[in-house]
Each structure stands twice: as structure tokens, then as C-alpha cells.
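Labels A, B and C are assigned to the chains in the order they are written; within every chain, residues are numbered from 1.
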């Protein structure tokens, strides 16, 4: 057994059906000097085996903090509340928030069960060691008894799988000798070395050239087919969501404001924020003289928020006296499609 | 970081429109130690400027009677009676153990302290070098003596010497700093802007100067000064020597700043729009690291204070009768000073405070200037 | 790879020689800086002391140093004497060749500098790491405060303060390297302990400023590294916090520290010079001070020259070390 006996994990946590991950009422506060930022405010979502969920939102909406909280790598000035339930390969269910952040149990899960890739692959590697060294490290720490030679062979194989040409030469090179796209491939290879069931991708293509972006997305899709892992895909780009995900959750100001299947979100968006996002996508047949749509205003800073819909200041359909004075609970407008908006009613889809 | 005020709506819009300097000032004010240091330095410099008024004795005065006299305590009560601030008269005695001359208080004789005392006891001076005046902040009445910090081996009041020494010890570094910054900025910008062989030559020069240990090089250069120079000339030359050695640090940073900024888009934009080189450097490049230069200026001063003090202490800088803190400390290089005349170490406290205050100030400014903090 | 490294080392060596050449020029300029040539001063001084200098000697010295010739010729005579004959000139203060003076003092000076240097690195690096890892802890505040004060106090003041404290506590100022009477005693345990006792203050004084600034550098670098993305990525792959710290962060933070060797030497030489004067140590610093007070420029200049050469050498070693430690720097160098 790899988990730490000291941590009280004996009480069974329920995780129903084929869920791999369930986030229940997750709250994360960030302490910045004397101010407390409510970065994540009651987030709920589930992720099934083999499924890809897109977490979409502007910068600062809390999507990155949510993902890092799942892996347990938020910095020390973050505190969290709620439940993050995760089912391991052996079927045991953990509430990740109860685990000691850098304790034995959590560390054993990282890399082998939950893996994460980052926005800037160039900074995710230490410049001081060869790419091969940093890749085999993940095998060596999780599978004691593996020899360096064995680890190296597995790394070579992984590098080949992620499409790095001439891996025998590349494996002994340093990160600065790689291009950004190559490093992202290497990072994916590293994170998949120990066959995780959940891959969290935090804007994996944002820092890359457009042509490289498509290649990386294709690579992730094909690897998902091969390894069968679930992906939590974090992005601000609705275009990639359409091509990558099964379901979408739209985040705004630390809350999920709308969630549903890709079809539901793209064809039947209900929340004014989601609609705004979709409208601001440039279209192929758009008249060139026409200005691109932009949501007015900026994301407010989540400090000392009053009970209200987080979006009311920027919403074109804001109802004075309602939206700005009460918290809004999500309603299910069609099966699997939830909206956090006072304009939406139970079981009714707005046109 | 007061980035996030309590309520969004109530957040002061001025934050967003504040200039770089206002932001720096707001952040600087939060740095308590740096604020305290700034206040202390203002006090020091004010006292130094009005030194002749604050000091009860002028530079040229001494009283041969009171050689190596310890600090005279200031009393308020005589035999339980309120008297206001006064000192007792001094009488000569011999230490029963060491048989050395010492001074003891003559409790029979009370000398009150006069404030804003007029009289020739402290000598005449000119306010800011212009207006003749003979009023001093305080003086003992009659033939009483106030030696707050004791006297030196020639019977000069150490407190007055510290105050008057500050005029040199605190102002040489400022002049030196201006020279240093001018030189460092010039060399750094030349190297950074032109690159190529200019850069190569300047870099070699920097490397050569940096290869010498500071103090030994200072020592060698000042030793070469002819002994016949007047104090004012020594003052000038020392300032030049100190700054000749301190410029490379700034030059190096300015150079590397230039190299990194040269590639920035706004410089490229200025260049494409046909701005002349001088305008690009003066209007765009230097302002973009001005805050850095100011921090560097603040941090150059303490190293120059140390330089002047060290050189004078070693007998290679200013020499008596010129007065600077380093000159005052020359006496502490003798063993008996440490053993018998502990008060002569007092000037050290001021060197220490001035250096520390400048360091804290520089640190506070650096934190304030860092846009990411 | 190795051949490239050699090329890089050779290229650095070439610039180093150029720098030393330029330094020698500066040094010679300083030597000739005092008004009037030293020989006239020397003759004047001898005459004052009632000694006549024979015209033959004067003529010989004049020819030897090329005193009646232009600066460049004088420089050439000086430098070629050093390079080809190891002759640094003549000390009129001590009435012996400068080379002999240097020979007599170089060993204790170098030993003192080296011991201090080891002490400096051995103390500052662990403290810097501790402070960064336990940022804002009591220990961190303590070390940061000590560091600040240590950097602000000029060496000579520190020397006097420690002497004063030592006198108040033990009644002994711990001047010199040995207690009176011990200097010429045969080597024994007692003498060794005596030497150790007397070394504490000098090492503290010489090393403190350097230790404090290195400590601050190390702390800052470590904090920088600890906040970097690769630390998060390494955590995400399940590496222990300690392993991340030592394998990645400390290694990276060491690079700037390793590149500070040359600059550390500058500080240490400054320290030894001043400490030798204040604490009356039998090292070169005191001799240099006396030489300078007497304008015995050959002696002072030669010593300055040696210190500068050591510094350049230290910088050279730093450069090689950095190229060896940091793959980015390495590949940049290899490109040329």
C-alpha cells in the first residue's frame, strides 16, 4: 500500500457510477497581503472515464487555480474548502483535499494517476538537466527498482510516440535546444510515462505558434485514444474546445456559469456570458467592415463580493434589483445542461 | 500591495491613472524602515548644513586644558532641587589605579546651559557661508564646558567635531555619487547603444577597474597625492578618485539594460519613425530605467561614505585640521584609545547609522520601483 | 565537446592576458604618479639622513629604470623586468628588492585569504538556502538583519568594534597573529590554539561583509528559483519538495554564486588589507599601508598588481566554472 497510514483515509467516500473525478463545492481563497481573493467560489463538476471536459473562461476566472488545486500544487498562500473526489486505478476513492499536499500519498498519485501539462513548456523544464534526465526521473521516482537503462528505453519509446524525430539524439539535449512545440511534446511524453488516468492540460497550446497548436491538439487526441485517459482541458479559446472536448464548463469570476455538452453550449448557449464569448469569435463569412463583438468592461477583482450574479456589471440583459442583489443558483434547462442565470427557468431553453 | 481595495466599486480609480512615480511613492511609504531612514537622513543633512550653529565649538577652537576629557553628563537636579539643564564644573584628578589624568565633576559649581547663546566662546561663523553669525544652539554659561561626546587628544569637543565632520563626510559622497552616476551613465549608454568596438573597449575598461580591490586602489591613488595640497584640493581629488573607481557597476547595468531594451518594440517604433539617436536614448531608453538609476544612486552613497571614512582613517585621505568622520576615527587606531577613552568611538555610530540608513533607503526604493511587487 | 571547451578556455585566457596588460599599464601609471621621480626623493631622503649616495649608484639606478626616458620606455623596462627576471623593482622603505618583500609575506596573506574564502562560502550558502526555504520565519529575519548590518559596517569599524568587545570581555585585544612571546616559540598545541584564537577576529572582519552579501545573493536566487514554473511541474510529477529543492533549485541558485569568485576575491583582498592594518597582522596589507604612507610606490604598486592579477585569475576560474555548471552558458560559449 503506498498511502500514508497517518492520514485518516479510512472513511470511504462515495463516488458514483463511472466518475473518475468529482469536484464538489470547491472554494479556493488566495491571500495577497491583507486582501483575500476568492479565486474559486463553489465549483462543481464531474469527469467520466475517457472523457474530455473543457474548462473555459477569461484570464483570472479561476480555471487555472481550480486545476492546480486538483493536482495539489497551488502555492502556500492558497487555502481551499470543499471536496475533490478521485478514483484510483485500484478503485479506491480519495478526497484529494484531505491529503497532505506534499505527503507520500498525494505524491504517489501525481504522475501515476493525475498528470498535468502547462501553458509554457519552456519554463516547465529546468534548464540545467537534459530532457532525458527529467523524463526518466518520473519513472525512477514512481517505480523504484527500475534501472536507469530501462527508464531511458521507456523514455525513448515515449518520445517516439509523441512524434519527436531522432529521439536518440534529442534525449541527451538540454531544454534550450528544443523549440516550444518540441518541449510541449516532451512534457506530454513525460507526464504520460507512468500511464495516468487523468491528464490536466492547462492552456497547453496558448504559448505556441498556430500551426504547432493544431499538431499538439491532434497529438493529445490520438494519445487519448491510445491510453484512454480523461482530459481536463483548460483554455480560453472556444475554437479548440469545439475540436477537443465532449463537454464544456464555462467559468466566470470563480463560478461555473454554464455547463453542458459541446453541442448544447455551441448551439444553445443560455448564459449571456457564454453567448458573448461565442459572438466575439470571428467568423469566416463575417463582413470585413463589421467590428468584432466584445463584451464590455473587465473582469472584476474577486475581493469582498456582494451577493449578486458575478456578471451583472457587464451583462447587457442585467435586471436591476435582481441580478445585482442576490446569488444565482444553477438550473437545469435541458438534460445535462446547467445555467447559472436568472433569465433561465427550469426545463426551458431560451431561443 | 494595495492592489485590491476592499470593494470593487469603492476602489479608487486614481490607482489606475497614477503615474509610475506616484505608485512608487505609495509603495515606498509602506516600507517603514526605509521611511525611518529617509527621516533620519534628512535630520543628519539638516544638522550638517547648519553645523556651525549646532556645534558649540568651531573647527579651529580647542581648549588645551581639557585634553581627553570624557563626556560631561547633563543634569537637571542639584541636590534634589530642579535646576533646569546644567553641567557641573570640571576639575582635574588622577586615576588611583592608572595614574592617568582624568576629569571629575566639581559638584560645587553649577553651569547652566544657555540655548541660542550668543558669544564668542563658540566663535563666529557664516550661515550657509554667507551671513556672519555667532549664535550657537547651546553653550554652558561662564567657564563651564559641555562636552556631550567628550574631547579628543587636543581638547576639542568631539560633538562639535562630529557635527562639523558630517559636512564633509556626508557631502563628499553626494558629489562623488553625482560624478559616478554621470560617468557610469555615459559609459554604459555608449557601450550599450553603439555596441561593437565601442562596447568592447568600454567593457575592457570596466573589467580593468573592477579587477582592483577597491580600498587598496583608493589607497594607492590617494597616496600619490602630494602632501602639500590644501584640504580643499584634497577634498576635490578624493571625490574624483572615489568616483573614478565606483562607476563600473552602474555602467555595467546600464549597458545590459540598453541591450535588453534595444530589442523592445517601442524603441524599434521610435527608430522606424526616424527619431535621432540622442532622442531615443534620452527620451525613451534612460527614462525606462530611471528608477533603477535612482536606486543605484542611493546605494552608491553609502559605499562612498565608507570609502572616504576608510581612507581618512588610514591617514591617506583628509588630514587634520580638516574634519571628517574618518579623521575623527584616526585616533581610535591606537590601542590606548580603546582601553581608556571609549567615547572616542562615538563617531563610529554615526558612520554606521548613515551607511545603514542609505542602505535601507535604497532597498525601500528598489522594492518600490519593482513593478511586480 | 572537450575540444570546444578548450577553445573557449583559450579565448578567455587571451582576453585575460589583454586585461592583465591593461592593468599593468594602470599600475605603472600609479607608480609614477607622485610628483618628482622616486630616485630624487630617495636621494633627498638619504641626504636628510646624512648619507651620501654615490654618483655611480645614481647613474646605475637611472639607467636601470630608464628614468630619463619617456613613459613608454620606462614602462617597458618595468614590465620586462617583471616578466623576464621576476624583478618588481626596489623598495626604498625596506631597502630590499620588492620581490623579496613579496616572498616574505605572500604565504601568510594567501593562507588568510583562502581560509576566509572557504569560511565565507561554507557559511553563506547554507544560510541563504535556509532563509529562502523558511522565508519570513524568525530565522530568516534574524539572518537578514545580521546580513544587512554586516554589509553596512565598514571592515575597519568592524575590526575596531570586535577589538573593543574582545578587550571588554577578555581584557585582550587579540592583536597580531600570536600572543607576545608566542611568536618565536616552537610549534606546539598551545601555539596552535593561540594562533586559532587570534585568527577569529581577522576572519570575521574580512569575511563578514562578503558572507553577508553572498548570503543575500543566495537567498534571493533561491527565492527566484523556488517560484519558477519548473518547480510546479516537478511537484506535478510527484517529486519530493526536498528533492526539487536540492536537485533543481540549489543547483540553479549556485550558478551566480559560483560566478562571484573573482568579485569575492576583490572583497577579501580589501578586507585583508584593512584588517592587517587595524589588527596589526604580519601580512602584506600592513606593509602596503606603510609603503603608501611613505610613497614607496614600487612596493605598493607591485602588491596592487598582484592582487589585480589574482582577481582576474579568479574571474577566469569563475567563467570556466560557470560554463561547466550551466548548459545554457556552455552552448552559448561553444557557439563562439
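The criterion applied here is as follows: a residue touches a chain if its C-beta (ideal position, glycine included) is under 8 Å from a C-beta of that chain, and two chains touch if they have at least 3 such contacts.
None of these values were measured; they are calculated from a predicted model.
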Chain whose Cα centroid lies at the greatest distance from that of chain C: A
Any chance you could check whether B-C or A-C wins on number of contacting C-beta pairs? B-C
Chain centres from averaged Cα atoms put chain A and chain C apart, in whole Å, by 54
Chain B and chain C, separation of their C-alpha mean positions in angstrom: 27
Residue positions on chain B within touch of chain C in the complex are 204-205, 207-208, 210-217, 219-221, 223-224, 226, 302, 306, 309-310, 313-316, 329, 332-333, 335, 338-339, 342, 345, 348, 351-352, 355-356, 359-360
Taking the touch rule as given, give the residues of chain C at its contact with chain B in the complex, in rising order. 15, 18-19, 22-23, 26, 30, 33-35, 148-149, 151-157, 160-161, 163-164, 167, 173, 175, 262-263, 265-267, 269-270, 273-274, 277-278, 288-289, 292-293, 295, 297, 300-301, 303-304, 307-308, 311-312, 315
Which stretch or stretches of chain C touch chain A in the complex? 228-230, 232-241, 243, 247-248, 251-252, 325-328, 331
Contact residues on chain A for chain C in the complex? 68, 71-73, 102, 107-112, 115-116, 118, 120, 123-129, 137-138, 141-142, 174, 176-177, 187, 190-191
